[in-house]
Amino acid sequence: MIENLILFQIVISLFLGGALLGLVSRNGRFARPMIFIPSMMGSVLTVLFSIGVIMTKSLSWTVPNMLPFFKLEIFVDGISAFFMLMIGLVSFAISLYSLGYTKEYESKKRISVFGFLFNVFILSMILVAGSNNGFFFLMFWELMSLTSFFLVIYDHDKEENVKSGITYLVMTHFGTALIFVSFLLGYLQTGSFGFDSFRTSSPSFPLLVKNLMFVSAFVGFGTKAGIVPLHTWLPKAHPVAPSNVSALMSAVMIKMGIYGIIRTVFDFAGFGASPDYSWWGVLLIIAGSASALIGILYAVIERDIKRALAFSSIENIGIIIIGLGLSIIFASYHLTALSVLALVASMYHTINHAFFKGLLFMGAGSVVYATGTKDMEKLGGLVKKMPWTSLLFLVGAVSIAGLPPFNGFVSEWLGLQAILSSSQIPSTVLQLSIAFASLPFALTIGLAAAAFVRLFAMTFLSKTRDIHMPHIQEVPRNMIAGMAILASACILFGIVPFLGISLLSTAFHLPSQPSSPFDAIALKNNDSTSFANLSMPLVAIMLSAVALAVFGFIRILGGKTSKTIYGTWDCGFGKLNERMEYTAASLSHPIRVIFKSLFKPHNVISKELFVQTNPYMVKSIKLHSTTKNIFEENLYNPIISSTLFVLDKIRKIQTGKINSYLLYIMLTIILLLIFVRSSHA
Amino acid sequence: MDSLLSNITILSLLLTPLVGGILVTIFRKKKIIEIVTISSASLILIQVFFILSTIIHEKTITAFGNAFYIDSFGAVILLPISIVGFVSVLYSKNYMGRQYDIGLVDDKHIVRYYQGLSIFLLSMLVVPITNNLGVMWVTVEATTLVSVLLIMLYFKENAIEAAWKYLIIATVGLSFALIGTVFFYYANITAGSSEDAMNWTGMVHNSKLFDPNLVKIAFVFILVGYGTKAGLAPMHTWLPDAHSEAPTPVSALLSGVLLNCALYGIIRFHIVSSGTLGHAFSDQLLIILAVVSIGIAAASIYFQKDMKRMLAYSSVEHMGLVSLGIGFGGMFGIYGAILQIINHAIAKPLMFFASGTVSQKYETKVMSKIKGIIKVMPVTGALFLIGGFALVGMPPFNIFLSEFLVLSSGFQSGQFLVTMIVIAFLVITFAVFLRHLIKMVFGNPVVEMKQDDMGKLAVIPMAILASLVIIFGFYIPDQLQTLVHNASNIINGGSII
Amino acid sequence: METIQLDILTISGAILLIATFGVIARRGFMDWLNAYRLQSVVLSAVTAIVGYVTGIWEIYIAAALTLVIKSLVIPKVLTYVTRSLEIEFKTETNPYLSLRASIIVSALLVAMSYFLSQQIPFKSDPVVNVYLPVSMAQFFLGLFALVNRRTALSQVVGLLIIENGLFLFTLVLTHGVSLIIEIGIFADILVGIVISSILLFRMSRTFDSLDVDKLENLRDD
Amino acid sequence: MPSSPEIILGIIQALILMALSPLVTGIMRKTKARTQKRVGFSIFQPYYDMIKLVRKDEVVSDQSSWIFRCTPWVNFATIGTATFFIPVFLSHSPFGLVGDLILVIGLFGLARFFTMLAGLDVSSTFGGIGSSREMMTSALLEPALFLAIFVVALTYGGTNLSTLVEAASNSPLLPHPQLIFAAIAMFVIILGETGRLPFGNHATHLELTMMHEAMVLEYSGKSLALMDWSQSIKQIILFTLIANIFVPWGISSSISAVPLGLGLLAFMIKISIFAVSIAFLESSIAKWRLFRIPDLISVAIASSLIGLVLYYL
């Protein structure tokens, strides 16, 4: 459709324009609008464009002759458009938010570079979702990594930030290499890097090639998505990035990994409905469960807000991956309806996570903006000073904890139903293993609630723990507006799941589509009795009705009573202060103790005495508790150190002695001559 | 093009640097010789563009009977020589000017430097346009001698050491190349040719008749010989020393162009040997040396302390990639290799210039002492980053495409294991190279420094190269595509899969 | 070809090899220079013979050039450069392999050269048959000298021997490629020697030694 | 669409649960008192308490925020809404079309979320203790509960409570061995969810034993009444669930007066027996150390897993 094409071109030029405007702008009154208004407009148009594509038909567009061999092919089908829609919605909110948020950078550094990178980053994500050629896909993919890397180290004054950035860059490049290998396998089979040719000829690939393609793509895209144990970059990069960038990365960018996995599985790797492929799903479920559980466990004990959110992203990616895995297993056993259910659950969670994680990172950003710290142990009491931020953050926290009537509940409900439906798989081993896999899944959901209670309470409730905190005030209006957009999306997608589900079923061309917003999500047994029903609009109505009713009832029963404000009960102590509050560490202490085999907590107690000889007169006691990162210690460090060991041996050949250099030449010629001799005809 | 015109074209191309060198010798005034050299370099650039456009239309140029012969492949080598020559001369003005200002070099040195530069350019220009492989050898050897002189311009301890190693190793290596050349010549004679037995055109024409066993031995000598000059491991050992100790513009020329000239020699003989033996034999040898080069480069970059040495190892890696592409063969591989030659010639000088400016500013080449370039020199820092990311094959910069093509051809030719090993090495190189680079560019300078990009003339050459790096990342002009395509056809023996 | 010519070929080849071994087996710079001079004279004679046999006049020029440049100019230049040097710079005191071991390795290299030459299918040309292995041997022995020796001077001599080997090699295989290439090669050598002399001179000034062990600053460990 | 009598009956079921919930608490307290050789309060004492509390003025901590104030209402709204989905004496509730067992658990989760926040809002250490413990137990109970539901849902074909209870009431007496294990698991979970011994102790306000009580310590007046009421509704919901799923005797499957009356009677008897027996159990055991609680939960998990294996094999 020609209008879609024009719209798409306008989107590209808007972001490019924003980038260029950013590059030429100087810090000043107009700098931020110059950067972010184009990106907002571009995002809105992206949303319109992708809705257009979903409603009407796919867009394909080819730009020839830019490079030899490869044409810039753009192909936007429902799946791409779904992800573009997500990008557009989230980046609109974040651009709006950034308008205020980046003010703090104005005094410190050039905002122009930020603007350039920000616009290019969003554009590259859109193009990743739209490209239809392996070469350009990888190009935009790496452009996305590169711009996000620079955004991550935007605060490059601290060496630690730069280090985190390097970890991110290297890991993501490792992932890219594997994605490349996957494409190479497809190229080997088809003689082309065009996705179209992958699509058409992949069903006839040999099984081995399909499996290899799948595995390398899974590991490659999984690195971007943050699947355990390839997640280590994520909790490093997200906290050090500016919060709007973390929001974009966590809400949208890591989803491009999911996009890649979906594309690979259902489009390129020649997935077929046969039990041969069910192990793909099993692999996904294993990886997803590990990610979900480990992600949330680290999130529960983390004291840095943004790190905790980053770990929670790992968890959510895990949940999404579990859903995908289930969908694959169902599909491989021809259970189409269930496969659709699992896919919808997974995709619903994808877009939900984009909403609430974007919201939460923006919230965390607002906290940082207002207080200058990310450390929960120093925060607290913000609910009174930043009422809007805390309300919106609460919406995000409840959503991500998977509680009704917010959107997280709907997708987790669907996920749980998909797991419950695993009894229809005609394989006892799979049935049992999926049933057992529900254990980490459910534990994750439970822990997620705990983690976000802790996160919200420690940040916003009670008294500010750091008594030296400067004067705190609510963040500017456009930041709140940015958060409010995503918060309302969370509520909307919770109360009216029809929106999400009809979007998904149209975008993915699913067989069953809901007809009206008030239809319940209904799952049926074979004998057409109801397996499960869920009608979120009615639940919302019931909740408010019950609340109103009980309010009236209590009021009638009890009459009007007054409220007295008084100090918290302190057992008569009278000096309850900030230092006696429950801290973030103590709140999660039980969980740390229970999972101590994972965390390997290490406590160091240091006492300061009044008199050195008398151990009973203690001036102060300090407890320093650290947990270990088992992945770094047991997986990455050994690999890195052994690689370095080998490299160290190799580079020793540069001895500095000219004699040895000449010897190399002599030996080379002699060896090659022997080689030639041995290959004489 | 008629023969008179082509004679004049070639003659004027070669006379330009020669006259430039003579004028430098006559005037001996810093200001004047700078202008003279810059204008001769720009003249060369213009003439090369003229030659290139002719080549695109007419495929070949022959001049002075059969003595000079330019085809698309030669033209592809000519392009980087002229571009890098031009920007290096441009950069020299600022760089050597600063060395002059701080008293590191005097007037005599400057004159000698510019003389050397002109002769260096001249000798490199001959390499891709001569038809006679013996002359090619002589000029490659001449480049060694001239560049040794340029390296030991300062007579510092390290420069003398580097020059000595370079001289001895390159001379020894090139003597192998001569043996190989003579072997080929002998094979040609024994195959019955007499007229132009040393000429490339004659050789490639007769190659089917050569004795296979002789060609095998001959190619090994060529490979080791020119391979030494091209920096293929394990004969690369002189390279980090020479490139790091030379004055920066010379490093750029050495790395960006001279290595290509040497590889050009290998590839020419590869074509001949493929004519005799089929390409499998030489492919195999090229792949072996390429993998060793890429691996050693990866290992050496990690432990590197000196910025320019690190860049030199990256050159080793890229030369490995070029020969890998040639070795893998196929349209993708060869096209990729040729693009890699051009791309490397654009990106590496950019990096050398940036590092030269940085080391002038920080007064050290030791990477651990360099921090926060982006703060001290924002523009140079940004260009440094662009160049660095380009070098490790990050899109949207130019080398991504050529690496992509080379690696794809690896799978296409069925060398899965080799390709996977190379991909692993490339990932390692990526990590270790960027680690160094990013640590230098970001962070806070150790001592307080004034924000200053060291003058316009330091930035302009880099900006030219950087814009090429970016543009070639996603757009290659049709003319260049045609040229590279024709060149690939030549290497592939005229038949493209 | 007559027997007497064949004998001359064989004998001159043997002299060339012996002169090369002289470099390997001796320690003093003057000894090497004399060996080199001897070799160059023989080489120029060989060149002349080849010229006579093939009847190409250009080869005579090459022979004359060889005589002048190699046996006169280059030794002169080297003597001039090293005149001011102290004696310990001029003597190889500490090669990596002892002289005895060096000779054994050299013998192996000579054997290898003969073996290698057999791999190459030649028409039954006695000149080639005799001189090709000799030239290869010279080449490899020169390379071995470079690998084995620690003083810069002996490396220069090694280079010269390699170059003589090359010259012989080119001569016998091609019977004179073309004069321009020959002259190019000569010019390269001459310039190379001049440059290395400058370097030697600078080295002795800067490092106060001509030991290449001093040249180990640039390394990676 | 369900017919209007059905809807009315559904609402009546919900109201019955809400109305009877304090009574169950009263029965349990009375039983406990008797086992401890005390006379104890009247079983209607919780009603009196509630009426008294709603008429009292409140004292609110000066540290607290709107979270603290709205928590009781949120709590009641969520748990009150949950009552609508529970079949009490009629096996199918029309609200089964709106939500299922997982929604009920989700609603409980929302209530707990806010209760924990409220505990932390007042900057009292008691609240912290309570929330911290609740965080741990609830997180661990979640998988146990889900596994138990897994077994039940697989056996009876759905998480829709109407389908579930109907299928249960139609099936013969304990035909499914896996249900026994699910029931064991469910029992442990109910102890944990309601904070009964050995998880916590409702009867005291000691730092060592409190869980729920610690979180609501700062509440008074109407708010406290609501919190207590919600808690007892939650308790009765759980009792009802276990009773109607595992012992579905007497539940009516048709909308006519006699079976409905019988169903109500059966329900009340079952619930009373259940309450009394839990109270007995509570009297006979001591509270466990906090870090032993995971052991108990793992018993529940293991039991459900055995149930699953039994189902599939």
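First chain written, first letter: the chains are A, B, C and D, and each begins at residue 1.
To be clear about the criterion, contacts are C-beta pairs under 8 Å (C-beta built on N, C-alpha and C of every residue); 3 or more make two chains touch, one makes a residue touch a chain.
This one's a predicted model, so the numbers in the text were calculated from it and none came from an experiment.
> Which chains lie in contact with each of chain A and chain B?
Touching chain A and chain B alike, sorted by label: C.
> A-C versus B-C: which has more C-beta pairs touching?
Top pair by contacting C-beta pairs is B-C.
> Compare the CA centroid of chain D with every other chain's and tell me the farthest one.
Using the mean of the C-alpha atoms as each chain's centre, the farthest one from chain D is C.
> Find the geometric centre of each of chain B and chain C from their Cα atoms only, then give the gap between the two centres in Å, rounded to an integer.
31
> Return the distance between the CA-based centres of chain C and chain D, expressed in whole Å.
Each chain reduced to its C-alpha mean, chain C and chain D end up 100 Å apart.
> Where the centres are mean C-alpha positions, what is the separation of chain B from chain D, in Å?
78
> So the centre of each chain is just the mean of its C-alpha atoms; given that, what is the distance between chain A and chain C in Å?
Roughly 69 Å separates the two chain centres.
> Residues of chain C that touch two or more other chains: which are they?
Counting only residues that touch two or more other chains, chain C contributes 116, 119, 143, 146, 155, 212, 215-218, 220-221.
> Would you mind listing the residues of chain B that make contact with two or more other chains?
Answer for chain B, listing residues that touch two or more other chains: 164-165, 168, 172, 213, 217, 240, 300, 303.
> Which residues does chain D have that touch at least 2 chains other than itself?
In chain D, no residue touches at least two other chains, as defined above.
> Chain pairs that touch, all of them, please.
All chain pairs meeting the touch criterion are A-B, A-C, A-D, B-C.
> Please output the residues of chain A touching chain C within their complex, sorted ascending.
651-652, 654-659, 662-663, 665-666, 670, 673, 677, 680
> Can you list the chain D residues touching chain A in their complex?
Residue positions touching the partner: 51, 53-67, 73-74, 76-78, 80-81, 84, 95-100, 102-103, 106-107, 109-110, 112-113, 116-117, 120-129, 131-133, 135-136, 138-143, 145-147, 150, 153-154, 157-160, 162-163, 167, 217-218, 221-222, 225-226, 290-291, 294, 301, 305, 308-309, 312-313.
> Chain B touches which residues of chain C in the complex?
Of all residues in chain C, those touching chain B are 116, 119-123, 139, 143, 146, 152, 155, 159, 162-163, 166, 169-170, 173-174, 177-178, 180-181, 184-185, 188, 191-192, 195-196, 198-199, 202-203, 206-207, 212, 215-218, 220-221.
> Along chain A, where are the residues that touch chain D in the complex?
380, 383-384, 387, 394, 398, 401-404, 409, 413, 416-417, 419-420, 423, 428, 431-432, 435-436, 438-443, 445-447, 449-450, 452-454, 456-458, 461-463, 520, 522-523, 525, 527, 529-535, 538-539, 542-544, 546-547, 549-551, 554, 557-559, 561-570, 576, 578, 580-582, 586-591, 593-594
> Name, in rising order, each residue of chain A that touches chain B in their complex.
It is residues 65-69, 135, 138-140, 142-143, 146, 153, 156-157, 159, 162, 165-166, 169-170, 173-174, 177, 180-181, 184-185, 187-188, 193, 643-644, 646-648, 650-651, 653-654, 658, 660-662, 664-665, 668-669, 672-673, 675-676, 679-681 of chain A that touch chain B.
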